[in-house]
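What follows is a set of structures to go through.
Each of the next two complexes has chain A plus one more chain, namely chain B in the first and chain C in the second.
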Partner chain A sequence: MKFWLVRLASLLLAVGFAFGLESVVGHQFPSIYRLVVLAGLYITLSVSLNLINGITGQFSIGHAAFYMVGAYSAGFVSKALFSHQPLVPQLWMIVMALFGACCAALTGLVVGLPSLRLRGDYLAIVTLGFGEILRIVTQNIGAIGGAYGMNVKPFGSPPQALWLVWLLAILCVAVCRNLLKTAHGLPFLSVREDEVASAAMGVKVPKTKVTAFVVGSAFAGAAGALLAHAETFISPDTFKMDVSFIILTMVVLGGTGSITGSVISAIALFAIPEWLRNLQDPVTKDPIQIPGPALVASIISVVIAVALFKAVQNRFHGSKPAKFGLYLAAIAAGFVCKLAFTPILAQAPGLAAKSFEASALRMVIFAATLIILMLIRPQGIFAHHEFSWSWVAKLFRRAPKEATA
Partner chain B sequence: MSTTGEKPVVLSLEGATIQFGGLIAVNNATFELQQGDLFGLIGPNGAGKTTCFNLITGVYKPTSGTIRFQGKEIGGLTPAKIAQMGICRTFQNIRLFPALSVVENVVVGAFLRHRTTLGSAFAYLPSSIRETSALKKEAMDLLEVMDLADVAQARSADLPYGKQRRLEIARAMATRPDLILLDEPAAGMNPQEKEDLQVTVRRIRDDFQKTVLLIEHDMRFVMGLCERIFVLDHGEEIAQGPPEKIRNDPKVIEAYLGEAV
Partner chain C sequence: MNLVAGLDFSILPQQLVNGLLLGSIYALIALGYTMVYGVLRLINFAHGEVFMLGSYAALFTSWLLGFSPEAVRGVDRPSTWVNLVVMLLVSMIVCGLIGVLIEFLAYRPMRNQPRIASLITAIGVSLFIQYAGGLFLPQSPPPAISEQVNPYRNEKVSIVLKPAGQEIVAQAADATKKAAIAEKAYDDAQKAGAPADKVEQLRNDAQIASNDASRLQTQVSSQTSGLVIPYGQLGMLITTMVLMAVLWFVVQKTKTGRAMRAVAHDFDSAALMGVNVGRIITITFMIGSALAGAGAMMYATVLRTPLSPFLGVQPGVKAFVAAVLGGIGNIPGAVLGGILMGIVETLVVWLDGLVPGLSGYKDAVAFVVLIAVLLFRPGGLLGSSKVEKV
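And then the complex of A and B:
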């Protein structure tokens, strides 16, 4: 009884959150409505890829392909059929999300079945190749818009898709979390850890891998279907290899296997470039300029700080607080270097005259952030850990416990 | 089911042979394990002992010959299928699931008896929650028996070597096999640990009613534990019988180059 009450409450909470977000963003911040939609889609994409790569230990690097299958199949059907059927747009989008999920799952089965039965990293090559082939083929099919792309406007006005996108993200997180909370998650993890030992314990290794791949693809397909309806326009360029790599980066950066990590790094990696793109002076509204000497000094000092940080990480084996102090010192050393180098570099005649627009450097900053994070924390931000309430409770309880000890 | 003497035959190899390219790793192996046997498989390095295990557990398909388990031919079935039929093993070079906790490792073994569907786990239905706690409880009971309950929540990779070996046995036991194969379970253990292990292996046979087939290099360990022994050298059988007979067999003494057997 209590179980079902909790279940009902969390369901209501999820739906309430999705609609709350829809109305808050829709009414208060319409300028970022589209970004919030995309962020929700990226959460679904990274968590679903995490099921394949992080939890089951496979190496799929073409997740955008299944996103694309969902988008195009749902978009195409929606265009052709919506006007002939009785559902309201909201319900129709749910049906289309399911349809996109089914199409992507089927595609996943066709792609995954042969490549997952083999050992080694065939999956990486196959998924990457499949994504590119699919994109190029689509570019050449006139009926679905070819290289120009396809308009998906079944409803008169653009649909309110944000709530649905975030519900999908919550569903995806819930499904993966539930899997890991029950014993059914263990064969997936054990396949990641050791296939031979798993098989010897009676785990059907190929079936487990294919299941993870198909479920992950289905979620990507549902996300694609919602994208098609939310954006009302899709083209092969929407699903370039970059998208696959961004999703992969989200998974790796968050910590392979950690759902929490995937969610947080999906939001962060999506938001950082967007934030950098719009960097402007708060008063004059001009794009922010970075003077040449400051930029070069920053690069040098970041390199120094990271090198010091790594040195502390690898060489120092003292107590935790001492190590933390040294980390802070390494970062402080970086700042000091920046301050020291900037005036020196300003003497260089060629450099002093130059300046760079911050938004133009955004991909550079983005890439540098990734490299630095991977250098100082190769296991990903969350490694294998998950957010949990007991963990939060422990944080708060720790202080008095130590006092009594 | 055929019987010799009084007890039913659990496992029988008849002329089991496997060839890797030009190398015949196991040639014409023929032996039989009866219910409740404690059977030893010995031989010098590279004799083909582990390969024998790999044949029985379906890692390799025999080139010729038959392998029967409880009367059913199992040669060439997948390892997962064979595990489900009731044969489970440990590995010479320990193969735990390193990032999983000790109890999770054991639950993976117990999981082959799951009844709920994957869908019920995705939806977190009460049935799958109940099953999870039942399997966990079962795993904890096994850890108690194997004297590992105190480290149940530790990462299995963090255990000391001897405990890792014991955990591997616990994990195999969790599948509730009729026949358990142990590949050098005492390797790397100190004398005290070896003695404890002998007690454990006896308990597995006596209290849990398993049939045990084990590979071991330590002659004192094997001779003190096993009731029947099969000796391989270069993939060929050189002797078979009770420990007293093996100890005095000239071919065995020669294969071990005069080492005290």
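And then the complex of A and C:
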């Protein structure tokens, strides 16, 4: 009984959250509506890739392909059929999300089958290859717009898709979380740890691997279907290899296998470039200009600061506060370097005249963040840990008494 | 034209040679991927970017040598082969240093970390170089190395495999002669100050005769099947072969090479046997990147590709596929894979005659071949698929 009550409560909470977000963002912050939609889609993508990569340990780096299959199949059918059927747009989008998920799941099955024969880097390159093949094929089919892309406007105006996107994200998180918490998830984890040993223990390794691919790609496909309807325009360029890499980065940066990590790094990695894109001077509203010498000085000092940070991390074995102090010192050294180098570099004739818009720097900063985070925390932000409320409970519990010697 | 099922077989040998030339560039890049993978088990995604920086190094060297766009505009600057060698060496050295720098800053700290973390770092480095390059490198309009750098740009080797019919050759020669006579008559009339309608008449005649001649000549060349290889591309092929021979010598015959093979075979045991693993990894990165630099210089100079900070992406991916195709970590495999890749790519364009629209799938075919090969030989063509030990 309690089990079903908890299920029901969570379901209500999720639906309430999705519609609440829809109305808050839709009415209060319409300017970021699109970004919140995309953030939700990225959460779905990164959590679903985490199922394949992090939880089952199958090194797939072509996730954008499933995203694309979902988007194109749903977009194409929606364009052709929406006007001939009785459903309202909101329900139709749910149907289309399911349809996109099915198409992507089929693709996932096809891509998952080689995973039975290949492992590691070979599997990675095959998934990447499948992604590229699908993208190039799409580019060459005139009926779905070819390289020019396809307009998907079955409803006339762009639909309110935010609630559905976030509901999908919550569903994806819930499926993965429940998989990890229940016995159904154990085969997946054991395949990740050791295929041979888990086969010896009676785990059906091929079935587990293919299931992971099918479920992961189905979620990506559903996300793609919603993207096609929310954006009203899709083109093969939307699903380039870079997108697969970014999704993979979200998974690894958050901590391979950690759902919380995937969610948080998906939001962060999506938000950083967007924030930089719109960065402007608070007073004049002009785009911020960064002078050339300051930029080069920052790059050099970041390298120095990270090197010092890394040195402290590896070489220093003192007490925690002392280590923390040295970390701060490394960061401070970076700032000092920046201040010292800027006037020196300003002497360089070609550089001093140059300046860069902050929005042009966004991918550079994105890449630098990626490298630095990987260098100082290779296991990912959350490592294998998950978010839980236990630390809140700990705050209220009395500290256990020291055992008297 | 002798078309069979829509295919022009007379250009097939030329296409194969072109494929071989393109493939030799892919092979040079693939060697870098495969060597790094061999010692570190790391897919060096930044390798394509090293290639891109190498092409820019060649561009800047050509500017320093006096072939900047301003210097060559409207003038015909003489050049010698020394310029080409200097550009090649500078490109190789710059790339070698960049490779070592990337290894030192980004990969060395990740040595004992999970491999996926190093992979993400590699992707990060690749993105960083692309976009930072976009800030600092000249890119619009896309700069290209001046063709005047290449002193042999007009010379080529022609090999006739099957000459055209004698009749048409004779006709063409006749028409060419007639065109010359008509041209001369027109010139004479103009100089002599003949009446305007007469000059006009002669001009038309000359025009018709020269059209006739060029039409016949086109027919002759379409009926002749043979190979035309510009000196530049021949030099490219020879340079590639020399570099590969040097690499083979270094890997097989020197102490460093033996150490390299030992590290590739078993990282930990090599370290225990007293191999300075760190030094070997640095050398591997240096050699691999220098080879990419050589490939980049030839790609930019001989094939005269317009440069951009994203230049390295496509050749990088293709070369990576080539390395996997040959069996990643396997040096002869990379060469074989690269050449296969180049030939397949040109053949697909050629097969466009049979299946219209096929050339649009040029970039996809590389992956199709790869997947097909990997499904039957999971370790690549020359690689051995290891059985996992428990």
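Heads up, the rule we're going with is that the second predicted complex is superposed on the first by the 377 of 405 C-alpha atoms of A that agree within 3 Å, B and C clash if a C-alpha of one lies under 4 Å from a C-alpha of the other, contacts with A are read in each partner's own complex, and residues count from 1 in each chain.
As a working rule, contacts are C-beta pairs under 8 Å (C-beta built on N, C-alpha and C of every residue); 3 or more make two chains touch, one makes a residue touch a chain.
All of these numbers come straight from a predicted model, not from anything done at the bench.
Chemist: Would you mind checking whether chain B and chain C clash or fit side by side on chain A after the superposition?
Modeler: Chain B/chain C on chain A - fit side by side.
Chemist: Go through the superposed model and pick first if A:187 touches only chain B, second if only chain C, both, or neither.
Modeler: first
Chemist: For A:374, decide between first (touching chain B), second (touching chain C), both and neither.
Modeler: Touch status of A:374: second partner only.
Chemist: One more residue to check, A:302. First (chain B), second (chain C), both or neither?
Modeler: Touch status of A:302: no partner.
Chemist: After the superposition on A, what does A:271 contact: first (chain B), second (chain C), both or neither?
Modeler: The answer is neither, since A:271 touches no partner chain.
Chemist: Which partner does A:288 reach: the first (chain B), the second (chain C), both, or neither?
Modeler: neither
Chemist: One more residue to check, A:245. First (chain B), second (chain C), both or neither?
Modeler: After superposing on A, A:245 lies in contact with chain C but is clear of chain B.
Chemist: Contact-wise, after the overlay, does A:196 reach chain B, chain C, both or neither (first, second, both, neither)?
Modeler: It touches chain B and chain C both.
Chemist: According to the stated criteria, A:133 is in contact with first (chain B), second (chain C), both, or neither; which is it?
Modeler: Second partner only, chain C.
Chemist: What angle, in steps of 10 degrees, lies at chain A between chain B and chain C when each chain is taken as its C-alpha centre?
Modeler: With chain A as the vertex, the angle is 90 degrees.
Chemist: After superposing on the shared chain, does chain C or chain B touch more chain A residues?
Modeler: The partner that reaches more residues of chain A in the superposed model: C.
Chemist: Which partner chains sit in contact with A:204 here, chain B, chain C, both or neither? Use first/second/both/neither.
Modeler: first
Chemist: Nearest approach of chain B to chain C by C-alpha atoms in the superposition, in Å, rounded to an integer.
Modeler: Least C-alpha distance: 7 Å.
Chemist: Shared contact residues on chain A for chain B and chain C?
Modeler: Touching chain B and chain C on chain A: residues 196-197.
Chemist: So in the complex, the part of chain A that touches chain C is made up of which residues?
Modeler: 53, 59, 114, 117-118, 121-122, 124-126, 128-130, 132-133, 136-137, 139-140, 195-197, 241-242, 245, 248-249, 252-253, 256, 295, 299, 303, 307, 310, 356, 360-361, 363-364, 366-368, 370-371, 374-375, 378-380
Chemist: Spell out the part of chain A that touches chain B in their complex, as residue ranges.
Modeler: It comes out as residues 3, 7, 174-175, 178-179, 181-187, 189-190, 192-194, 196-205, 211, 257, 384.
Chemist: Under the definition above, what is the set of chain B residues touching chain A in their complex?
Modeler: 57, 59, 78-80, 83-84, 88-89, 91, 95-100, 104, 107-109, 111-112, 114, 116, 118, 121-124, 126, 128-129, 131-132, 135-136, 171-172, 175
Chemist: In the complex formed with chain A, which residues of chain C make contact?
Modeler: 37, 41, 43, 105-106, 109-110, 113-114, 116-117, 119-121, 123-125, 127-128, 130-132, 134-135, 317, 320-321, 324, 328, 357, 360-361, 363-364, 367-368, 370-371, 374-375, 378-379, 388, 390
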